[in-house]
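Attaching a single structure in structure tokens format; questions to follow.
By letter and in written order, the chains are A, B, C and D; residue numbering begins at 1 in each of them.
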Amino acid sequence: MDLRRFGFILLIIVILIGVVVLVGGKTVPAGTIIASMLATTISVATPLTLGAISGIFCERAGVVNIGIEGMMLAAAFFGWFAAILCNSIWKMPAMPSLLIGVVIAILTGGLMGLLHAVLSVTYKVDQIIGGTVINILAVGITGFLNRQLFFEKGSIFGGQVPHAPGVLPRLPIPILADLPVVGVIFRQQPIAILAVVAVAVTHFVLFFTRWGLRTRAVGEHPRAADTVGINVIRVRYANVIIGGMVAGLAGAYFTLESVPSFEPLMTNGRGFISLAAMIFGNWSPVGAWMAALVFGAAQALQINLQFFRQQIPPAWAFLQQAYVVGLIPYILTMIILTGIIGRTTPPAADGVAYEK
Amino acid sequence: MIEPVQSTVWQKLEPILSAAAVPLLAVLTAMLVGAIIIFIAGGNPLDAYWGLLEGAFGSARAISETTVWATPYIFAGLAVSVAFKGGLFNIGAEGQLALGAVASAWVGYALPDLLGLNLPAWIHLPLAVGAGMLAGAIWGAIPGWLKAKTGAHEVINTIMLNYIALNLTSFLLNGPMQDPNPLNVIARTPLIAEGARMPPIFPGYRLHWGFVLALLVALLIWWVLNKTTLGFEIRTVGANPNAARYAGVNVARTIVISMTLSGILAGLAGAIEVTGLNYRHELGFSIGYGFDAIAIALLGKTNPLGVVIAALLFGAMRNGATRMQFLTQIPTDIISVIQALILLFVAADAIIRWLYRIKVGEEKLVLTRGWGG
Amino acid sequence: MKSEASMEHSAEPVLQVKGITKQFPGVLANDHIDLDLRKGEIHALLGENGAGKSTLMNIIYGLYQPDEGEIWVNGRQVVMHSPNDAIKHGIGMVHQHFMLIPVFTVAENIMLGSETVKKGVLDRRGVARRVRELSHQYGLDVDPDALVSDLPVGLQQRVEIVKALYRQADILILDEPTAVLTPQEADDLFRIMRELAAQGISIIFISHKLKEVLKISDRITVLRGGRVVGTTRPQETDQAHLAAMMVGREVILQVEKSEARPGDKVLEIQNLNVFDDRGVRVVNDLSLELYAGEVLGIAGVQGNGQSELVEALTGLRHIHGGRVLIQGRDVTNKPPRAITEVGTAHIPEDRQKFGLVLSYPVTDNLVLCTYYLSPFARRGVLNFRAIDENGRRLVEKFDVRTPSPYVVASKLSGGNQQKVIVARELSRPIRLIIANQPTRGLDVGSIEYIHREVIDMRDQGCAVLLVSAELDEIMALSDRIAVMFGGRIVSILPAARADRETLGLMMAGVEVGHPEPVQAVT
Amino acid sequence: MRKFVILSLVLAFVLMPLAACKTSKEPDCKKADVFCVGLVTDVGKIDDKSFNQSTWEGVQQAQKELGAIVKYIETTDAKDYDKNIAQFADANYDVIVTVGFALGEATIAAGKKYPNVKFIGVDQFQAEVVPNVVGLIFPEDQSGFLAGALAAMMSKSGKIGAVLGTDAVPPVWRFGEGYRAGAQYINPNIEVNVVYHNDVGFDKTFTDPEWGKTTAISMIDKGVDVVFGAGGKTGNGALLGCAEKGVMAIGVDTDQYYTVPEAQSVLLTSAMKLLTPGTFALIKMAKEGKFPAGGNYVGEAGLAPYHNFEDKVPADAKAKIEELTAAFKSGTMQTGVSPAKPQ
């Protein structure tokens, strides 16, 4: 695997954390800062990681997916909707409601994936347009339903935002969770844990199983796959739908794990950042995960630099500007794309509809 | 062997017919589906659409407002179309538009003080608009150049540049460029000088010369694309970059030109909003123009004249939405749903062809060949 | 000479196709084709491009569904819905364009589609073992752990064969297997084929090269225009006869042409060095001179740097060392346009990918590299009257078969598409023609037409650089023949003194002594 | 055939609404006995769980208690302000509520254009006096000040924080700076960490709970033990973060003990800015003909009940808050926070 790239990515994370330690070290012990940076980094990285994994499933099978954003948003909404339906209408206890919510979110993602597959595999619609359709559709539908269902007339809850079942609990890993600084890493909520599991599983599936071999073959040279009797269409459908489901899980993170509420547009462009993370990590699950961590660290940096505003030396005053720090992930991505740090090589047949 | 002359006529006619059919049917189908959604949501579709229509065309003022909405849509739609013609996908219209607005606003209010004199309109207005075009040009040229030089895919780069532009604008409007007037509490620039403003065409109506300009620019773009060597090069690179290279077209250069031109048009959209309508740039305006522009370009089949029609349609919807909500209190989000459906049906025209049993096949526009690493 | 093995078994047919018919829009690709293959025989399927060979094979292999007809394997009728069925019935196919995934290893490519899995994990080691066994059994040595992208063509072809054998194929379809091989590599392949046949594998061998067909096969079936013309045995026929069956009339393999009258030096290449996309040096210190009024043929097996050479000459590929002069003007690393402007015509390798914009009307394609010049454009504005006029004239002159000059190029047949390119390139004021595989995949009619045009241009004083993988074409057209191997010109000799065998050896890089170093013939 | 299909559909498209035009029935607001109230939102949705929604609830109260006919229009783009106000004015609505400082100028302009219509400009400080336009403003700085003071008195670590929407919105900025001032008024060397959510689009800054929560937790990790969450859902996110960490939280706008039940256990109080009652009060005055003649109407602000912390907040702290509240009421005390963020 591309060690040079990983080294570079790790370096960035260390630098980002280092900056904060340098700035805030005087007032807050370094250990505490690192711990809090790690915590923020991981929680921000969770949806990005899953989003990127979603992208990897689609693109390794040769289907470009810029609809991750929309898939997340729709899943976030319907998952949350299902959860509160169970909880406050059908009076189920919180835990089952949440779990049902997660399942619905995943299914929603799967449906969006199916739509994408129908458009780009069956109808051979330009895949980027297909993704754009999904993004716009998701914004419209969620915005419209959110209003119709939860606001005054037509609202099933009589205008009141119903009592939400809360969020998924943290599942600390026994001994590890009590470690000093790094302990936070082992005190995560289910979806955050699943994200890391997903990275490992995806890596295994892609590179060590029949499914993965065939998926990659379809993404690299569909005709060759066809001639050895692999059903290109089916493989692409399957992977795009799986990709959608993973994006759905990412969506669930927003409304069922992070906060118990839905807001229009709450995914806030994270789907696109996931896409960047995927490319950043050169279409490899581990790489994408690390890229997501970089973006997480950048976000953490931004929050912490505001927190330590007073401590920032005047020479570095520009760091106080949330705007300036906010640019880091985007600029990084563009640099990566130029291929300065190792060329990014997408699957050969990525984005090309398969004509028999 | 068909007789050439009449064959030319047919060649010119046939595509127009088949091109117009699908988008039109797509719009109608989307409206019908939208009606069903409204109905399920407990609203009265007929009332809603009536409101929409009334709000968009019900009166002279309504029509004027529709053009006001359509103007930026035309520019942005053209921007995306030009990129499409060149085989490029410009998702960055949003950012290019925002920076265009910022730039022309700055020239609009700051230049007189800098020079210490009030410029006459015939200098100031062109300068302000030009600044917007320049800003857009730069923001479009960057991804174009990166694509030409490094093969970095423009889609992801334009998305990134959108966020950068967003942060940049917020920063400027909250800080350096904020209206210093003590009564002002909003993240917005000062009003631009009289000299930099585009007068309304009829007193009392907001319909401004920017709309006329938009129509002219659409014609110009159509002419450039179809009647000039530059257009020929852009289209050739878009249709088959390899053949273009073999034929001696400078592909890299053409890519940069297409994206720059695209950026200029998007920047123009922002500049005109400032100089023709708001007379200042205010944070939060232009939310969602970028994606609407893509929908418009596709609905218009990337044909400049088609784009104008599509833009008028989208403008009418956005404008009429207010009236619709006033009459029926149906959330304006339904417009987004309908627009997404339109885009869906236009993109997957096979669905439409199947629904309405349209036989003619037309080659679908292939805009992207993966990320190109 | 034929393998004894095949004789014994030549009784029961392992594969029979009866009345296969396949209609494509416009063409009847297969018209009630009957064919039978016996156990352990090598059955050649002969026919020129477009005769329907590949279509038939794709049907047998389940890639296409026939409109009519039956397929019988080992006496049982079968229906091939997909390659899966073909594989199930022991049919393996080696495609003309290899179906290998470059970024995969040999083992991965071979197992793809019929993977063995241990506890959910791919059993790479097991596959590698099996591959070694097979390659040993049939004397093809392939390393299962190598990356396909690193292998030479010959080896990739063997990987394809192992791929088929790995799936227990006892019927093997080889589609134009020698197209990309040197005569010597081809001989290796033939050795392998006999070995396979000897061990009871039945082989369908597709080709349009008479000599090798006669050399290797037990039986020969000739296709023409989608029909079976007849089946015969090597010993009952000869080249001329086969050729006649193939094209329906005696082919004039020799284009009759007057003696060349070389004039001044048009193209001069000095110590040219060019790298390919992977940064490998593929044109190696190459020097060459080309004179007005002569055709210089570059013979060589594909992938010996010819394409890169042409790209370098036409400004499409960066030149790392050396100089290129056209009519004395240094055009080294000049952009393509600058080079066309000094009077160079370029007929590219792949007409659809590089030669045409398929979505453009013929008229626009005819001005693809002159659109910016008067009379087609003035001050950046296109003059469509001139463009249309030009289109109509050239369609007339070059006899492009099209309903109208305004039809989009994609609607034209391959031959006519090529004619459009030729028309575009040759209708300009030119001194130098660089043609790369100008007749690949064309029907005899078009081939002859294009050969004529080339010779006419030569007689009008053009210098012609002809790159072709078809030795016959090279020999028919050239006044001098340069053999290219490993990025070098191994030797240049007058066409008169060239014979297939020596050329073949040279193409394989074998040093062949020459009475005297040959320069331009005068 | 195809042309026929197109034609017929075009016809359908044109006729459908025409067929419908009878069905729409508008209440006649011209009649004296019909009291109509319209609301125009800022760029942003009516259900933003922030100022738009709180104001709308005030209007709805007017519907229940005054039998008013109420409607709202959501502004999708700043350029529509005038148009949307005109929708109501042209329909002879009696009162038009415009929400948000951004509509300030548009409201004044409309007030002059439609002298018979009463305009209520929420969060708009109206410097110019137009008889039928009243700005509904709140001393956010004061309730922020009280929140800060209480936080300073309750904090053990000497570190308190605030998670806010963008400071480009004056009320938010005033809450934040008031909070800072109040804390330092109690304890000059207390560490106050105020973080604004500036790095996203204007439309997202109030609806990014995930960011609010992440930020709050990041603060708490660094020893902050009281967090003030102000800014729609973003602020609520902060409260949820506190709930998770079991750290004291202070809500905003309304008594969030009821709007964010998940945070009840940690909710110390809320820095209130009573939009809903304020809006209703003004509408009521308009209905009863007691509408103020221009200028500004200062709405109610202050701290909400302590609820679960009733007996955890020491008496002297309560006393101090009482004292400060009184001082602000009487005007003997100023927060020293300017009305808007200095350039």
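In this text, a contact is a pair of C-beta atoms (placed from the backbone, for glycine too) under 8 Å apart; a residue touches a chain by one contact, two chains touch by 3 or more.
None of the values given here were measured: they were computed from a predicted structure.
Taking B-C and A-B together, the chain pair joined by more C-beta contacts is A-B. One simple way to say how far apart two chains are is to compare their mean CA positions; for chain C and chain D this gives 74 Å.
For this pair, chain A with chain C, the centres built from the Cα atoms lie 47 Å apart.
For the pair chain A and chain B, the distance between C-alpha centroids works out to 30 Å. In chain A, 143, 147, 264, 323, 326 are the positions where the chain touches two or more neighbouring chains simultaneously. Counting only residues that touch two or more partner chains, chain B has 167, 170, 329, 331.
Within chain D, the positions touching two or more other chains are listed as 198-200, 203. Each chain pair that touches appears in this list: A-B, A-C, A-D, B-C, B-D. On the chain A side of its complex with chain D, the touching residues are 24, 27-28, 32-33, 35-36, 39-40, 43-44, 143, 146-147, 150-152, 161, 163-164, 166-167, 184, 254, 258-261, 263-266, 268, 299-300, 302-304, 306-307, 309, 322-323, 325-326. Put simply, chain B touches chain A in their complex at residues 37, 41-42, 89, 91, 146, 149-153, 155-157, 159-161, 163-164, 167-168, 170-171, 291, 294-295, 298, 329, 331, 333-341, 343-344, 347-348, 350-351, 364-373.
Against chain A, in their complex, chain D makes its touches with residues 45-47, 49, 60, 161, 191, 193, 195-200, 203-204, 207-210, 212-215, 217-219, 221-223, 233, 236-237, 240, 261-262.
Listed in rising order, the residues of chain A touching chain C in the complex are 208-210, 213-214, 216-217, 220-221, 223-231, 348, 356. Within the complex, the chain B residues that touch chain C are 1-2, 4, 7-8, 11, 227-232, 236, 239-240, 242-250, 363.
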